[in-house]
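Once you scroll down, you'll see the structures, which are given as structure tokens.
Two complexes, one shared chain (chain A), two partners (chain B, chain C).
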Partner chain A sequence: MITAAMRRCLGAYAALVCLLAVLPVLIIVIESFTASDYVVFPPSGFSVKWYVESLQREEFLDSALLSLWVAVIASVVATALGTLVALALVRFRFPGRRVLQSLFMAPLSVPGIIFGLALLQFLASWGVARDMTAVIVGHVIIALPFAIRFVTVALIGMVANVELAAQSLGASPWVVFRRVTLPLIRPGVVASLVFAFILSFDDVAVSLFLATPGTMTLPVRIYVYIDQNYDPLITAVSAIVVMVAFLALGAIERTLGIGRLFGLR
Partner chain B sequence: MRRFLTSRHATPWLLLLPASVLFAVFFVAPFITLGINSFYDYGRMTGIIHVFTWKNYEKLWLDEYYLSVIGATFRLSSITALVTLVIGYPVALYLTVASPRAKSWVIALILSPLLVSVIVRTFGWAIILGKNGLIERVFTAIGIPGTDFLHTEAAVVVGLVNVLTPFVVLSVATSLQSIDPAVPLAAASLGASPLRVLSRVILPLSLPGILAGMLIVFGLASATFVTPAVLGGAKFKVLSTLMYQQAVILQNWPFAAAIAVTLTLIVLIGQGLQNMAAERSRYGASLR
Partner chain C sequence: MATVELLDVRKSFGAMQAVAGVSLRIAEGEFVALLGPSGCGKTTTLNLIAGFLEPTGGDIRFDGTSVARLPPHRRNIGVVFQSYALFPHMTVAQNVAFGLEMRKLPKPQVTERVRRALDIVHLGQMEDRNSRQLSGGQQQRVALARALVIEPAVLLLDEPLSNLDAALREQMRFEIREIQQRVGITTVFVTHDQSEAMAAADRLVVMDKGVIRQVGTAREIYETPVDPFVAGFIGQANLIAGTIDRVTGGQAQVVLEDGTRVVASCRPDAHAGQAVMLMVRPEDASVSAVAPPVTAPSATPPSGGNALSGTLLRASLLGATINLGVAVGERSLSVSVPRGTALPPVGSAVFVTWDPERALLFPA
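Presenting the complex of A and B:
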């Protein structure tokens, strides 16, 4: 019922939408190689001077390193906790299971900026100073629903009988997990690690309220900078963020495919 | 106690313990604090005054200026939901007829920007729409100079649509996939033109996906901060940017908390509607 001509039209249209989807990112990367001292598109000339400049700016370097640290720690903690929760929710039946399940999924429904404000006001009301730990805790909580989901999918997909077999042959629960379960759910665990890393590394909303001048993650630093300035320096910094994201994307594509990550295909 | 801890009944609770403690302390308690703070008073000299008052909510819900901000939030989210639907629907339709290879390309290209920080994508639009940007260059070339779209509502809509279209595409595509291919074929074989099949058969059957997609976008759009802050400029105010201004610049935490609670309610109502729509379509499907 959909003719070949219609299909070609739809295809051309979809290609256009795809182009628009990646356009802002493309523009940033192209603009970052400009030789001019102000933002103008198309860029005039070619140079890497803004990359050189951005690597010499200590505040961006510090923020980049902080963001990497926060993302690494948050993704490892979220994946570890998420694996424990997924094991409990998939392998056991107990009262209150449903309630806990929706509690752990709740961060998906709450906008990040509101959670950030809540965490800020909570820490302040107890007189706790904001630092890197506060940002990490915030990121662990927003990444946990994804970690639980990825590991849950992997756990449901594996044959539970092999665990019973190992157990009946005398393996302790820890050995069963370490030698049987973990190797079988590895794709889910890897997906969780990568996704939580990207989520944390990209986050502005939650970090915005928790960041202090001394502990400012890179996306927040970019936001604060473009709030006051408008020059090509920040396009180079942004392009570096894009490259980190796409390195992670490549890792996902190689391990399980990006479409499946979002529940399609 | 010791026997309980080593028994099989204790295992799930031990597994859940670390995450539960983390959530209770750093997720549930902060929202309780936020709720309580929203009922406190505030003085510019004294800071937070710990007495119960409705003042913040009265100010937000009754004052003309703040009402207009709430209105602007609804307006922006509704326009964004509509535009994403119009743009995303044909893409979802294409996914149902595309070859597997084309399909995976479209999905990868549409979804990959989701992995780039929203601040970077928004800044990209600032370069496209702003002074000396791509749009202005093109318009100047065809003889219409001075078209700087940055810091307008339209710019914010463009940025939001770019960020949120994937959600509509995914939602509608899932809905389209569940349509029995025999139904549109039957309509076509009975003489309906392709356009008629689309408008009378496919469109109505994908309504659950349309509704879910629009509500997701509405909820996400109403609470995004970066896009309205960067592309809308200082004068364009929605609830999220107002909240940031009150909390960070004016330090009025109780009022910011009241804004946060209001915004949460808006998002939760949207999600409630979305769940209801999902329930109803499931109910309808089970009747068929």
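Presenting the complex of A and C:
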């Protein structure tokens, strides 16, 4: 039996955990509005000068633009591949299906930094240059397990037999996919796109190994910058990254709800 | 509309033979019910006709042309699923129009035919509803309209009533029959519910373990089942083991397990010494407190006197009938009598009697 008092306690506890998770980020965002020339909390005065400054720094703008492109391409590619894999794993029964299912989830268990190093070695041994494509490939691989997961959940949640019904009514396999399957798994596909975008846009570990001075994603640029300087500029840039991720999550919440993303509803 | 022929159709899943050689000819406009316990192969047979599965042997023909290697979308079939399988992202009208759009019909014709199809299933005012807002019975009708509107060669119904509540199910089984008659479409109906099959179909096909056990009208199958399985599956049956002692003029004298002698109708090939199963339907038996007059076992021809003595265990009113449980030796017999029949008290000694004409013998 859960009493009203217990429910209030649980609610307070959940709120506390949320606060703990968000608080550090919140502090960065608050600090970014400081008028001082050094990072301080609480901020002294209020100013948006560090935002103005950051928008005038070409290397940050270039990196942001690059990150955006990489994230868009990586999320589209990961989602397309993930959808195909999920379709195969859910709709067909073939030997080795379970093994493949686990194998596709395997990248989740490899720390990003080790995976980045591995990919660097792999590309080098094949003589492939480190460029934007290499970064995209890396991001596709880390996003793929999530893409497969989201689309799989959507496929499993589909009303039974609608694809067979469409077939019986005269729809060829491609038409079945376009007119019935795709519209019905759209929430999973959208979730995959957004989540893959966030993963790619926020990634440091993999990009760190694959980045060159010409292909430095925004998180890598921030990392490199902090290594040498520590001024409020970086808090402003960080705050912008946080907001982009926030907007992306907001987009999911608007379209299907965060809970559904993780199969909670 | 088409004739449908199954010629020694087989389907195996690995080592498991789901359909082990089924041959059946369904006439144009005929309504056939495939009936059997779960796992008997009826749904697999339906999926083979639909083309959702490919047979591992035999042939399937619509109007004499083999369709066994055609994918479902080229077979011109209408399917109604147990789960209805309506497209949740489309309105009622869009669901029904889907098959017509696949056939590239001009828009005005599509609209017209969708309207007519929805009228047939009494859903004329529901065109713009979302399919998720409908009740189970309404969804069922939309699914039926969607399958009928394309005027398929054959209509396939896969347990279409199982998800409905009892009252609606009763109503829909007659409604489906009525619509089928009106449209005159060749129909295959899969169900595990014998009364559903008997109410709706022209002919029943009783299946078990991947083979057909009996094909016939409801009456043929009910009155002259070919074996104990069919007897027990269509309607209820009391089955008692025994041995034929003597055969005289279409009737046999049978010695039951407990030594009682009874008389029953038998097949022409029955012979003395044969081990048999005696079948008596509950409604063909009755219960009385006094033993009926018995003729001597040696009398020729033997007549009457079919009586087993036992104890009345229970009497349950089931609406129009009362079901009685009678303990006879080790076994319990089921007897069904009309409501209002005068009965001996529960617990008293009774005799179960029946008309020899109504008892059947099966080779054991």
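The rule we apply is simple: the second predicted complex is superposed on the first by the 241 of 265 C-alpha atoms of A that agree within 3 Å, B and C clash if a C-alpha of one lies under 4 Å from a C-alpha of the other, contacts with A are read in each partner's own complex, and residues count from 1 in each chain.
As a convention for this text, contacts are C-beta pairs under 8 Å (C-beta built on N, C-alpha and C of every residue); 3 or more make two chains touch, one makes a residue touch a chain.
Since the model is a prediction, treat every value here as computed from it, not as a measurement.
J.: In the overlay, answer first, second, both or neither for which of chain B and chain C A:Ala160 touches.
T.: second
J.: Of the two partner chains, chain B (first) and chain C (second), which one does A:Val99 touch, if any: first, second, both, or neither?
T.: So A:Val99 meets neither chain B nor chain C here.
J.: When the two structures are overlaid on chain A, which partner does A:Glu31 contact: first (chain B), second (chain C), both, or neither?
T.: After superposing on A, A:Glu31 lies in contact with chain B but is clear of chain C.
J.: Applying the touch criterion given at the start, work out whether A:Pro183 contacts chain B, chain C, both or neither, answering first, second, both or neither.
T.: After superposing on A, A:Pro183 lies in contact with chain C but is clear of chain B.
J.: Is A:Ala129 touching the first partner chain B, the second partner chain C, both, or neither of them?
T.: A:Ala129 contacts neither chain B nor chain C.
J.: Looking only at contacts as defined up top, I'd like to know whether chain B or chain C touches more of chain A.
T.: B
J.: Return first, second, both or neither, reflecting whether A:Ala171 touches chain B, chain C, both chains, or no partner chain.
T.: Touch partner of A:Ala171: chain C, not chain B.
J.: Of the residues on chain A, which ones does chain B touch that chain C also touches?
T.: The answer is residues 173 of chain A.
J.: Tell me, which parts of chain A touch chain B in their complex?
T.: The contact residues of chain A facing chain B are 1-3, 6-7, 10-11, 13-15, 17-18, 20-28, 31, 38-42, 81-82, 84-85, 87-88, 91-92, 94, 100, 103-104, 106-107, 109-115, 117-122, 124-125, 137-138, 140-141, 144, 173, 198, 201-205, 208-209, 219, 222-223, 226-227, 230, 234-235, 238, 241-242, 245-246, 248-249, 253, 257-259, 262-265.
J.: Which positions of chain A touch chain C when the two form their complex?
T.: Residue positions touching the partner: 159-162, 164-173, 175, 179-180, 183-184.
J.: Can you check the complex and tell me which residues of chain B touch chain A?
T.: It is residues 9, 11-13, 15-16, 18-20, 22-23, 26-31, 33-34, 37, 87-88, 90-91, 93-95, 97-98, 102, 104-113, 115-128, 130-134, 137, 162, 165-166, 170, 173-174, 184-185, 187-188, 194, 197, 220, 223-226, 229-230, 240, 243-244, 247-248, 253, 256-257, 260, 263-264, 267-268, 271 of chain B that touch chain A.
J.: Which of the residues in chain C come into contact with chain A in the complex?
T.: Per the touch definition, chain C meets chain A at residues 50, 52, 71-79, 81, 83, 85-89, 98-99, 102-103, 143, 146-147, 150, 156.
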